[in-house]
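Everything on this sheet refers to the single structure shown next.
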Amino acid sequence: MRRMCHFRDPDALRRFSVAVIGLAILWPMMQLAQFDIFALFEDRNLVVFSNFLIQFFPPNLQTSFLVLVLKATIETLAMATAGIALAMLMAIPLGLIITYSLSISRIGPASGHRIARLGRYLARMLMLFLRGIPEIVWALLLVRVFGLGPIAGVLAIAITYGGMLAKVYSEILETENTLPARALLILGSGRINAFLYGLLPGASQELASYTIYRWECAVRASVVMGFVGAGGLGQLMDQSMKMLNGGEVSTILIVFLLLVLLADYISLIIRRQLA
Amino acid sequence: MRKIAFSFQHVSFSHSNGKEALKNINISASAGESIAIIGSSGSGKTSFLNLIATSLRPSTGSITVLNVDPWSISKGRLQSLRSQIGLVHQAVPIPPRQRVITAVLAGRLGQWPLWKSLLSLIYPVDIAGPQLCLQKLDLADRLFDRCDRLSGGQLQRVGVARVLYQAPHLLLADEPVSAMDPVLSDLTIQCLLEDARTRDACFVASLHAVDIALKWFPRIIGLRDGEIFFDLPATDVSESLLEQLYASERGVLPKQGSANTSS
Amino acid sequence: MNHYPARKFCLKCLVTIVLIALFIVASFAYLSLNPLALFTKQAMSDVAIYTSRFFPPDLSSAFLQKVWSGVLQTLAISALATLLAAIVSLFLALPAAGQFGNGAKAVTRFFLNFLRSVPELVWAVLMVLAVGLGPFAGTLALALHTTGVLGRLFGETLENHPPSATQALKLAGASNTQAFIYGALPGIYSQLLSYSLYRWEMNIRMATILGFVGAGGLGQILYYELSLLHEQQASTVIMAMLVLVIGVDMISNKLRRVQMHSLG
């Protein structure tokens, strides 16, 4: 009979040290974030919050308030649409600058201009800057220039989403199948025509689809920007929250969820029609 | 009078697609018995084992396993009944990245409270036990390896080790040596038989290779087209019976391989 | 009639595009917004004057230290929130995948959808009400929203995972939870981790702006400085935000490339 030797788990030391390191990071992190679970159960907080929550049922369904909510909803939708429209206005030239020469070089011999490359580089940097700053920060700044109201929101969306759309447009165009365009080139058309009639149409569905997806995101962003004064449903909710009016807040929340569903539905229809 | 390990009365089973896998099975076995189920592919061996294991429910008829009807008791009692039934699966159901020791320890999950299972993940609560089971199967040196580093035969033995560690009253095995060479198959079957005998547990194994079945098991059940063709002591199983059983295999009896020891 | 090879004439598309164009024009009209008015001389000079107030940014060491602690706090908020959400989602993955019946599955999925649909900022406003101003409110808000996202992803991963290992353990008497931990988790663990890390990245971006409603981090500093009309300090904070987001993006890209290489 073989002698039985009792093994130790060789993995145990590694697991133990990982756990120790994890805890060593966790503790200061909780301090930094002022993680205090007992604050949830502190008397004054609990009373205020539970009173607020109780008011959620029933939601405020007075006609006068519902009219306000409806107006705010339309304002939010208008903000998102106008914002995306302006964003497209910005993204199309910006995106084209980036991809035009790249695409041309993919289709046929490139002109190799150094200016074109520099322009591409600058455009990329600009897009990074525009995209990197969250739209709500832009909204906060623009409110100080253009005053409270939806204008700030429209511009904030135009700026950030313009950058996003430009980047994705360029990516879509860069990965598009170049065969139709090259065929046109062989048939003797110029580079610009080959680009416009050979490359662009194939990508148009994807471009449209992404733009409409971004419109949906813009609707949600418009609501959020209302909290810094950019109008729409968000501003209404901010006002109701400040007055601790639970009934109004719950109505607005419900309308918001319905709005998101509506936007989702509209985008689905449009995408199906364009297919 | 020995305790009944399981019994079937007029049991039939059809798959959800309508195919009838077993027809009118009447059979029982007592504690301590060792039985081999043989038959050609598609004869219903796996369904039979799964019915005993309470993985499948009979379409008609009734079964009792370890003296209870598994389909008329509460979920809690069914769970504890299942902890007393061990099934060695044909396709080893162990996550590839799991270590051998964790895979073997998982055999007793049904007998452990939740806190013990969680604790075992941090540090295995029992190393000697799984080691002993693996040692019997000549696999003790792989105790802390990951399962995806093992060969097919080694992985199958880990599946067997898990059931050995579970130490159930009813041991079931669905083609437990299909990926092993003759020496290892003999070792594994011997191991299972020994374990069942020591604990007076009933052991039922479905086997593809007829020679292994006849060599090791005192009682042989032959299934053909979902029915029990014969249920005899091994000594009474004749060549002609086997030929009739495997009529669909074109006259070739499935055997383990060339190398076999005479016992 | 000439048709160019890669474009087919489509009446539906034309009608849709015209409708969209009308919708866009109507939006501008409703908002009484004339886009050309934005580019008048007056508007442009207003913007130029306001922009100039942001330069030069305040780079004094005292303020930079403040901004640095804001960055750390933002990272802490996002990390804790993601960690909390991942743990809760692990528990919710079982009912969401249907392991406790279809009723529990429907309820869990509905609950998770609700958590997900409410934007993080709205959660932050609610949490500020519940626990007061400060980063704890931000952590809770992000955790709630992220639970909705991760809970659904975890549940779907578990549902799509082959159930043979879990079923085998249940057949040997293990409970649902035990079978999940020993049978499914080893197989889906790396996917869940990947989702969580991706979500952490997005949460860092979110955590920077939750401060606008008082939930801590860089956002709270920015809001504070802007309301005091300290534009130069504000521009430092905005630069820190940019650096943080771009830095995290670059690091995660590099890590992803390393992971790809190590996988073969």
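The first chain written gets the first letter, and so on, giving A, B and C; residue counts start at 1 in each chain.
By our rule, contacts are C-beta pairs under 8 Å (C-beta built on N, C-alpha and C of every residue); 3 or more make two chains touch, one makes a residue touch a chain.
Values in this document were obtained by computation on a predicted structure and should not be read as measured data.
A.B. asks: So what shape is it, when you link every pair of chains that touch: line, ring, star, complete or other?
C.D. replies: complete
A.B. asks: Can you check which chain pair, A-B or B-C, has more C-beta pairs in contact?
C.D. replies: B-C
A.B. asks: Determine the chain that sits nearest the middle of the structure, using the mean of its CA atoms as its centre.
C.D. replies: So the chain nearest the centre of the shown protein is C.
A.B. asks: How far is the middle of chain A from the middle of chain C, if each middle is the mean of its Cα atoms, in Å?
C.D. replies: Here the centre of chain C sits 9 Å away from the centre of chain A.
A.B. asks: As a quick test, compute the distance in whole Å between the mean CA positions of chain A and chain B.
C.D. replies: 56
A.B. asks: Please work out the Cα centroid separation of chain B and chain C, and write it as a whole number of Å.
C.D. replies: 50
A.B. asks: At least two other chains touched by the same residue of chain A: list those residues.
C.D. replies: Correct list: empty.
A.B. asks: Touching residues of chain B toward chain C in the complex: what are they?
C.D. replies: Residue positions touching the partner: 53-55, 79-87, 89, 91, 93-98, 102, 106-107, 109-112, 114, 117-118, 121, 163, 166, 168.
A.B. asks: Residues of chain B touching chain A in their complex?
C.D. replies: Of all residues in chain B, those touching chain A are 99, 101, 122-124, 127-128, 131-132, 135, 143-144.
A.B. asks: Report the residues of chain A in contact with chain C in the complex, numbered from low to high.
C.D. replies: The contact residues of chain A facing chain C are 29-30, 32-36, 39-40, 45, 48-49, 52, 74-75, 77-79, 81-82, 85-86, 128-129, 132-134, 136-137, 140-141, 144-145, 150-151, 154-155, 180, 183-184, 197-198, 201-202, 220, 223-224, 227-228, 237-238, 241, 244, 253, 256-257, 260, 270, 273-274.
A.B. asks: Given the complex with chain A, which residues does chain C contribute to the contact?
C.D. replies: Counting only chain C, the residues touching chain A are 4-7, 12-13, 15-16, 20, 23-24, 26-28, 30-31, 33, 35, 38, 46-47, 50, 72-73, 76-77, 79-80, 114, 117-119, 121-122, 125-126, 129-132, 134-136, 138-139, 205, 208-209, 212-213, 216, 222-223, 226, 238, 241-242, 245-246.
A.B. asks: Give every residue of chain A touching chain B within the complex, in rising order.
C.D. replies: Residue positions touching the partner: 2, 4, 6-12, 15.
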